[in-house]
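Before we start, here is the structure in question, set down as structure tokens.
As written, the chains take the letters A, B, C, D and E, and residue 1 is the first residue of each chain.
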Amino acid sequence: MAEADRYEDVVRTRSDEKFAEFEDTGKGLWGRFHELLHTTPAIVPLIVLLAACIVFGLILGSKFFSPFALTLILQQVQIVGVLAAAQALIILTAGIDLSVGAVAVLCSVIMGQFTFRYGVPAVLSVPIGLACGTAIGAVNGWLVSKVKLPPFIVTLGMWQIVLAVNYLYSANETIRAQDIEAQAPFLQFLGTKFNLGGAVFTFGVVLMLIVVLVLAYVLRSTAWGRHVYAVGDDPEAAQLAGVDRHRTIMSVYMLVGFICGLAGWVMIGRFGSVSPSATTGVIGNIQAITAVVIGGISLFGGRGSILGAFFGALIVGVFELGLRMAGADPQWTYLLIGVLIIAAVTVDQWIRKVTA
Amino acid sequence: MAEADRYEDVVRTRSDEKFAEFEDTGKGLWGRFHELLHTTPAIVPLIVLLAACIVFGLILGSKFFSPFALTLILQQVQIVGVLAAAQALIILTAGIDLSVGAVAVLCSVIMGQFTFRYGVPAVLSVPIGLACGTAIGAVNGWLVSKVKLPPFIVTLGMWQIVLAVNYLYSANETIRAQDIEAQAPFLQFLGTKFNLGGAVFTFGVVLMLIVVLVLAYVLRSTAWGRHVYAVGDDPEAAQLAGVDRHRTIMSVYMLVGFICGLAGWVMIGRFGSVSPSATTGVIGNIQAITAVVIGGISLFGGRGSILGAFFGALIVGVFELGLRMAGADPQWTYLLIGVLIIAAVTVDQWIRKVTA
Amino acid sequence: MSKDTQGTPVLEARGLVKRYGKVTALDHCDFDLQPGEILAVIGDNGAGKSTLIKALSGAIQPNAGEILLEGRPVSFASPNDARAEGIETVYQTLAMSPALSIADNMFMGRELRMPGLMGQVFRKLDRKRMEDFSRQKLSELGLMTIQNINQPVETLSGGQRQGVAVARAAAFGSRVVILDEPTAALGVKESRRVLDLIQEVRARGIPIILISHNMPHVFEVADRVHIHRLGKRLCVIDPKDHTMSDAVAYMTGASVPEGVAEPA
Amino acid sequence: MSKDTQGTPVLEARGLVKRYGKVTALDHCDFDLQPGEILAVIGDNGAGKSTLIKALSGAIQPNAGEILLEGRPVSFASPNDARAEGIETVYQTLAMSPALSIADNMFMGRELRMPGLMGQVFRKLDRKRMEDFSRQKLSELGLMTIQNINQPVETLSGGQRQGVAVARAAAFGSRVVILDEPTAALGVKESRRVLDLIQEVRARGIPIILISHNMPHVFEVADRVHIHRLGKRLCVIDPKDHTMSDAVAYMTGASVPEGVAEPA
Amino acid sequence: QDGGSACLITKTDTNPFFVKMREGAAAKAEELGMTLNSYAGKVDGDNESQVAAIETCIANGADGILITASSTSAIVPSVQQARDAGILVIALDTPLDPIDAADMTFATDNFLAGELIGQWAAAKLGDAAADARVAFLDLDVSQPTVGVLRDQGFMQGFGIDLADRNKWGDEDDSRIVGHDVTQGNEEGGRKAMENLLATDPMINVVYTINEPAAAGAYEALKAIGRENDVLIVSVDGGCPGVQNIADGVIGATSQQYPLLMASKGIEAIAAFAKDGSKPEATEGKNFFDTGVKLVTDQPVEGVESISVDEGKDLCWG
């Protein structure tokens, strides 16, 4: 063994010693709360959400806590909620998608135009719309993963392209709710209402909940979900550790395109009509990103949960409805939403700090 | 010296050997071009810009190369150009500022309202407007640097707040160009025209060029500029190496607020009037970011040059005007700008790759 | 402790070339690993050691040359291909996802699914099985006792992280285990554990490639030492026949081993 | 090579405490550095060595305890404060800006300005002077010859980067130079250069704090060895009176130095 | 307050037109002792926010809703929902599609507004109208209804074949230099004008969606010294706009009466809240016409118009 010096052998004499020990967390109530915070990051936006509900409840009284108002919030956030789930997925991979809203609008237009212009049965038009969404997602994913362009730029360009195509293809024509109801009610399927203990829900709301829960499950409990986090965390490391980076990114963008298609279908259900000029195309991306960041998902990828994004969407919904009901001027509402965005994230930061 | 083993001493026998040697770049034309690319990243957007000019020149002939069309581009990009310079500064520190456009509009409104509502002389109102811009920048900077919130969120919130304040404060009232011309021409100072070899320029264009050149100088040749790059590159490392991270970030955000104030003044010069509903408030941020990314500045901070952002703004300007002159209708122009964004960055990526 | 090293090499490379722009990181490099041996690879910073093992493990694709696994030419398009052949690697950068748990990292890319319907239809991960396996491997290898196998890797110290990476490779490597500077940031005690682990893995009959700058460690555990210089294999020496000074002299170019012509 | 180490310490710390959430990285730690000596700090991974030197160099603020510079209490709010007092540190993470040039990094936070109007009014950097100084320091210290002092640090190899960081500290350190594992990723030859450099700096009369896991290196250059264990100083030994085995035994807790009671 | 409660939902709250409408409604509500909540879309064409606003009004138990619909057909299901909840819904400014989807419509005819300025411009040019060079400065690429109605109305009045009446940009009359969009403000107006001037510097008629866009277009023309030989026409009739006619910036504008619409609307809701009575339509029309008048200081033969001074008395800014 040549000149090797055995001075290190001494460490063997106490090899029973622990290499590293982790302090047992003091398991008081506070300790449990800490642990919860660390294992379930969505808890912070949930707290903010509940606090917001309580505050508005105090201000507005029973008007706010009526089943109508409470289910109204769900009705009003359903589109942003679905888009936020899609956006959260992308942001988990350290990307960002500025085209989500535009894709949703285009998909709804495609579903409508295929039915009314080409006479395709609505049960077929819907899958065609969803396929178009998926295809746009695939283009985004390919540009991000293969051509290695920054997601911000790819989707900034795609946003404008999709929006312009949407206007050009639809010739800016709205398909009226009455016509859809008469000729292709399936397009409005997600607008179907049902009553549950006095509160009115629509299938669109149910779909939003399903999308969020399924994504939460998939991200948490399947290999694919773990790969999404790993790629967002450190793509190089994930690749070396055996994750197929390209396949993961492609699948995420395609899934997001598909979910945007669903959001388009939800839009038809909610508004009854198909309108290419729906504002979601223009500001849906910012709304979704707002929900995601209020929900505590890191813009740098790899951290946060889809439930957080959902709570984020609800927080914005509660604020908007609450302020409107309180009669605030719309500009004051925007101002307060702006303050809310900053405040929510400050609180989040602060909670994480004091419980570190 | 205890048991230390001197097997390493052998390396001293050839200590004249070089520790590391760097291949001399083959200094052909191609070699020089390589070096230029690496030392001057703004060269890629410049190439794209020239290529775009040539293509439009070929399509449109002398119409495009007329002094009118060429100076028109400068006129049209002056606001976005100033905002892009501000945005580039922030992006160099690995931040992003969604509030630039809104701050510019608010500053122009403040300049106008102070003059017309409170009767402050215009020569004072302008500095007041600039001070307000700087103050908003300071708030952004403080939230980013001290409270450690992500810049995206801070400025997303600030965008909405500033925009709402802008409408509320101005009561949506436009101050007419004719009134300004009669009572406070200094507000329109940057709209003053002068003739240079047949081409008409305004002081606003000159101001844009000055802002860009001064920032380029400061970033390149002063300690502060180096600190901005260092903080954007790796804030931890910069801090350990002796950069005052907080001061650098604060100064960047404040300077950006000030430049946005200048952009507000430029707006008055260009439009003659003061209008709180100027589009810049809503899409100025996206326009500025588009210019910056087309200009090759990394969204992750620390890489790129302010000149690149300026060329990026010009590229968009050339495309917009060129397409309109070629008779593309607004929706098609919109679509093609989307394609351009993706294409420009792809070309940039490709050039960097083949010359690596 | 030494053994005869003739026969078909487990892993062999012929004339590997890898260029990064103007830098030639591998310059017609040869390599062979014999069954059951510990082969150390030593060389200056930047000599191309990491590039060599990245080529062998599929993390990069060489521009030229061929790789043979037990005599059969292979070409790995990704680290996953190499792992499928039983080649496990601990990269110099560790290749862990900081925000994910130890168990997640151990099984990244080869997750276990629940048996039955849950696994096949819902593709649910079998967390319990993965955690038990991870915990068992980590403590079985005597490397560490970690209370919570679900804590994110980023909460571990550098040494602990390196321990997890080594344990992952040792647990899954069935044909070759490659370690790129596994003890660089480790303390004395921790380094010692890793060296012991290397010998345990070898005792299971699995050959090991070890890159290290620590000569005493290299000379302690290696059966053969591959000396890498300027992107290629300069020579292979037997640590029993050479001193550390010889090895250092060869790798730094201070002297030239017999039968090798130093390039001009 | 050894010397008497009595007198006022250059740098001294009393009862430093630093907590990170639930972890106590420094637990009433004492420290002293005598004039002109090389003091090695050794200890297990996670013992708190890096935290100690970060406290001494102003990179973190301790929760309790005091720091004395030549007998006078000081409190550093940032690394800049410590640098102003002539304390230069090479952190374990190197603290370089990858996209900036070698010269920029050498002078980060203490840039030189042009003389006259250009410098005072336009605050223009004197690039030439900074480049010349950097080139001179790098080659003077025999550490490397780099053709282009303007190349970004990210294009350097890990070893070269470490060289630049060490050269920066050696060039500007006028009172104390602190090195946190400066040879961790370095090859044999490069480590040797760094050790030579340490001795050169000491020859200029500047005391050095060296953190390292490499016992032979520590015992080769150190005048005294501070053994760190569980967040505090366990003891200080003279390498001439103790063997490496002793040191390793103390730092790992295998045995207890005289006059120290091992905590329960 | 016991006079009942009303909601006012406008397209945006950044356009002075709607700001004034809100002021009119607020003043009348104050006078009648009613509670008024105002809502608006975020941008032109924002249907989603208007739907949310209607839902809020239902939740708040309002007596009546005044709405200027961003999308006249897409809003209908929500309006129906409000009417089912016993709320009086009055469409302001723009009729819904179909018009009877609302209980009553207090509107200006935007198509007519466009037609008036079109006729005026044609008459002003006389024979030169046959080879005029016309620029269209529209609202937005998404072609919101109001923009299309005014644009197509102008074409009708000017004598251009409309092709599809529901969109602009599909006409093939060679007198059209092009369309560009302005977002209805000075900034967009100037840029759009410049773009179209770059295409054809000989433009001599400019249709603008509203007066701020017209002011922007004027600046662009002024920059090349052509402000005096180009006809700019617009729609709205706000006080700054009327003043701009006096100053020679705009040739003619079609004036609308948002304050009147809003105060009438509030009165109707107050009446409905008191005794359930609904407002009546104007004689011979299926809506309550609040009227539109052409304001110009250069009246032409065959087009009825009012003077600038009359316009100033009626203007809403």
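The definition used in the following text is that a residue touches a chain if its C-beta (ideal position, glycine included) is under 8 Å from a C-beta of that chain, and two chains touch if they have at least 3 such contacts.
According to UniProt, the chain labels map to these proteins: A, B = ABC transporter permease; C, D = Sugar ABC transporter ATP-binding protein.
The structure presented is a predicted model; accordingly, all values stated were derived computationally and were not measured.
Chemist: Quick check on the contact graph: shortest path length from chain B to chain E, in steps?
Modeler: The fewest touching-chain steps linking chain B to chain E number 1.
Chemist: Applying the touch definition from the top, give me the chains sitting in contact with each of chain A and chain C.
Modeler: Chains in contact with chain A as well as chain C: B, D.
Chemist: Is the number of contacting C-beta pairs greater for B-D or for B-C?
Modeler: B-D
Chemist: Please compute the C-alpha centroid of chain D, do the same for chain E, then give the distance between them in whole Å.
Modeler: 73
Chemist: Roughly how far is chain C from chain D, centre to centre by C-alpha average, rounded to an integer in Å?
Modeler: 32
Chemist: What whole-Å value do you get for the distance between chain A and chain E if each is reduced to the mean of its CA atoms?
Modeler: 37
Chemist: List, in ascending order, every residue of chain A touching at least 2 other chains.
Modeler: Each of 3, 5, 7-9, 11, 20, 163-164, 167, 329, 331, 334 in chain A touches at least two other chains.
Chemist: Residues of chain D touching 2+ other chains?
Modeler: Residues 46, 157, 160, 188-191, 215-216, 243-244, 248, 252.
Chemist: For chain E, which residues are shared contacts with two or more other chains?
Modeler: Only 13, 43, 141 qualify.
Chemist: Run through the chains and report each pair that touches.
Modeler: Listed in label order, the chain pairs in contact are A-B, A-C, A-D, A-E, B-C, B-D, B-E, C-D.
Chemist: So in the complex, which bits of chain D are touching chain B?
Modeler: Residues in contact with chain B: 59, 78-80, 83, 89, 91, 93-100, 104-105, 108-111, 113, 122-125, 127, 142-148, 150-151, 156-157, 160, 163, 188-193, 216-217, 219-220, 239-240, 242-244.
Chemist: Which residues of chain D touch chain C once you look at their complex with the stated criterion?
Modeler: Against chain C, chain D makes touches at 43-47, 157-160, 181, 184-191, 213-216, 248, 251-252.
Chemist: Touching residues of chain B toward chain A in the complex: what are they?
Modeler: Touch list, chain B to chain A: 3, 5, 7, 143, 147-150, 152-154, 156-161, 163-165, 167-168, 286, 289-290, 293, 299, 331-332, 334-335, 337-342, 345-346, 349.
Chemist: For the complex, give me every residue of chain B touching chain C.
Modeler: 5, 7-11, 13-14, 17, 20, 23, 25, 356
Chemist: In their shared complex, at which residues does chain C touch chain B?
Modeler: For chain C paired with chain B, touching residues are 21-23, 46, 215-216, 243-245, 248-249, 252-255.
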